[in-house]
């Protein structure tokens, strides 16, 4: 079973040279730690920055420079700053190549739920609905099951959804899966030591298994 | 009968303190010469400038600084530069208080025609359609009649129109007129030496004359 | 150019009445009009509608206005990090309209730019789409969204001049430029106010035409929500 | 950050084929991509659709492309000052779509920002409204207008960096920022190209994300259409 850092590390392998990427809060933020420098990717922060750098040192802290998770950050060379309207213009206009975000549930047709638990959590969707409706490639980082063992990869989401038919790939603590255009989770890789059978038993939605399923490799 | 400069001079009296104003090409451009400095007005150029200054001296000329008529200009203190989208956002959003532009024809309900003569002139509407559809106050500078003596203040425009029910006031070479909300040209002032009768004979649309009509005064 | 300077926050906000619709700039606690909010807290008004991406934290920003029960309705995209907010919402004291962040930004931009409605893909198929027109363009579904405007927009900039021109700093820009354009009366507070002519016209983020009142704020706290640092190497 | 530099205009435009839809920045002759246009003139292509506010003059800018009959269709707001243009139009050689300038700017902006359609009051009741949906919002009539996109956008900036970030100068900004965002492939030519990191992130007009290729142009003529001066006092 992968830990959060391993999920992030595995997702980092999906990143391609020169991409502009939006990383959600939580595990997705950790992905930045595993993207090789030579890929020259640019991280977008939807509150108005292209070119997120590492967290600041104590003497670099600037309250006027935060990411979408409200954490203090720095800028890399070649950064640009802009308004929220411009930022979501970029997102909606398809200029951001890849969005990586967390999910509470994903359905077998690619619907995602990650913003609301009725009568329990009412924080709001932030930029998630814009991101999932707009990005050409959406990868989800999530736990395969809830704490009480219920599958989160479902036939149909039970929670209010954030967007429809948008998730392309899922990296969970158990597996890497592709959401097929015709519906269904196609199993691509298993976490080390996890069997296809275990993944099948923990996936409520239609699981597609073709041929031998390799174990993930970490460098 | 007013000459072009006198029309501009008369229109300048309509300007109020602190207004943001868009001046069209031709006579409207001349209005700037007659606006007192202490009114603190700001002239907008729809190609991306607030704060048009006087024409440049020979050594101030900058090809990257032109007005909407493509003339070289300067900037006053407190100017700002922006894109065409921002500029028309300003116009459409009602932030520009006053638009002064020329017209070929105006109808008694305030329609204006100033962009096209079928099969003869096909230059395009430029920003005129946006301006007349958006500004809260539109004043037209025009000749009362065509060269062959036909009235240009009509019941209905004969040329393709630029905008509907938008003109609030007209300053022609013969008169100052208000376009009434219910339709009709209300005569406010006569050019020096021009009789009400002459204005009536040269106005095809409904002319409303109430009481004594004063002559325009020039300082 | 007309001088839009007022002496301080109290004077700037003195005519904001109960029931007004306000836009308040900022993202999280970054770029919020601290001085205006402090002045509002001293006024005896309520029933306000606040359009703001976030709702502050319990003891800072709009959170303080919520505590004083000045706010009737919040229009926001994300309102976590605020226990008092959650309490008022669950008890029904506070009305809340949650809007996708990009849609919020664009609706405010539309309000300032005279665009009464536009189409966006955000929220299609979700509860955000309820009651809204859905339309297909080039094979994809979109929702029609309306403009947002405000009686007063309260924005915070880094530098400003007496003509109302504004320059923001870092990610404190966020919603401020669109809100400046969408307020019937826009009040700008700046860290440094200079005479007209001292800012480079080519570097202005918000042209002065949008700003009706401007003043130099003081004692900026600029609270940090999540102080994250790394060790110096 | 990825380096988007190409060596010159010829390399930048080498894959623009006949029949392509181009956006070309500029207002009048100000802020036009002179180097790209010169390189296009050397290519044997035609059937182009050009989206540009103006069509140049007879012997400069897009006017030169018209003379070479490379253009099938112009989408513009104002095309005066161009005799060859008028001849081709009246003879039926050239297809022309005239659009109100603000609508053109907003349609291009919408193309870059993923807004497939929006409503504007410009053109209501005129021939521009023909075939378009008219809709009332808050008592006023508006037209629905669609986004515009291009296969290639050719823009001109003052300064740029290798990451594609652009800064324009004066009123040469005009349509360039929106076009930069609305091009599938955006080619930027700049008067001065600097390494990434040398431009102030707070002063960037066009973020590099929109720009696929950038090069330092040369021999800018910057022709003035109406040279107006006053006497020195």
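Labels A, B, C and D are assigned to the chains in the order they are written; within every chain, residues are numbered from 1.
Just so it is clear, contacts are C-beta pairs under 8 Å (C-beta built on N, C-alpha and C of every residue); 3 or more make two chains touch, one makes a residue touch a chain.
For clarity, every value in this text was computed on a predicted model and none was experimentally measured.
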Legend entry - Between chain A and chain C, the fewest steps along chains that touch one another: 1
Legend entry - Identity of the chain that, by mean CA position, is farthest from chain A: B
Inset, instruction - Take the average of all CA coordinates in chain C, do the same for chain D, and state the distance between these two points in whole angstrom. - result: 33
Inset, instruction - List the centre-to-centre spacing of chain A and chain D in whole Å, with centres computed as mean CA coordinates. - result: 36
Legend entry - Chain centre separation (chain B, chain D; CA means) in Å: 28
Inset, instruction - Give me the residues of chain A that touch two or more other chains. - result: 49, 81-82, 88-89, 91-92, 134
Inset, instruction - Any chance you could list the residues of chain C touching two or more other chains? - result: 106, 109, 113-115, 120-121, 169-170, 202
Legend entry - Inter-chain touch pairs (all): A-C, A-D, B-C, B-D, C-D
Inset, instruction - Mind listing the chain C positions that touch chain D in their complex? - result: 106, 110, 113-121, 135, 137-138, 140, 142, 146, 167-170, 202-203
Legend entry - Residues of chain B that touch chain D when the two form their complex: 45-49, 54-59, 61-67, 69-73, 81-85, 87-89, 91-92, 111, 122-130, 133-134, 160-164
Legend entry - Of all residues in chain D, those that touch chain A in their complex: 1-3, 109, 111-115, 161-163, 165, 181, 195-197, 201-202, 204, 207-210
Inset, instruction - Could you please specify the touching residues of chain B with respect to chain C in the complex? - result: 17-18, 20, 40, 42, 44, 49-51, 75-82, 86, 88-96, 134
Legend entry - chain A partner contacts - residues on chain C that touch it in the complex: 27-31, 53, 76-81, 86, 89-90, 96, 98, 100-106, 108-109, 120-128, 158, 169-178, 205, 222-232
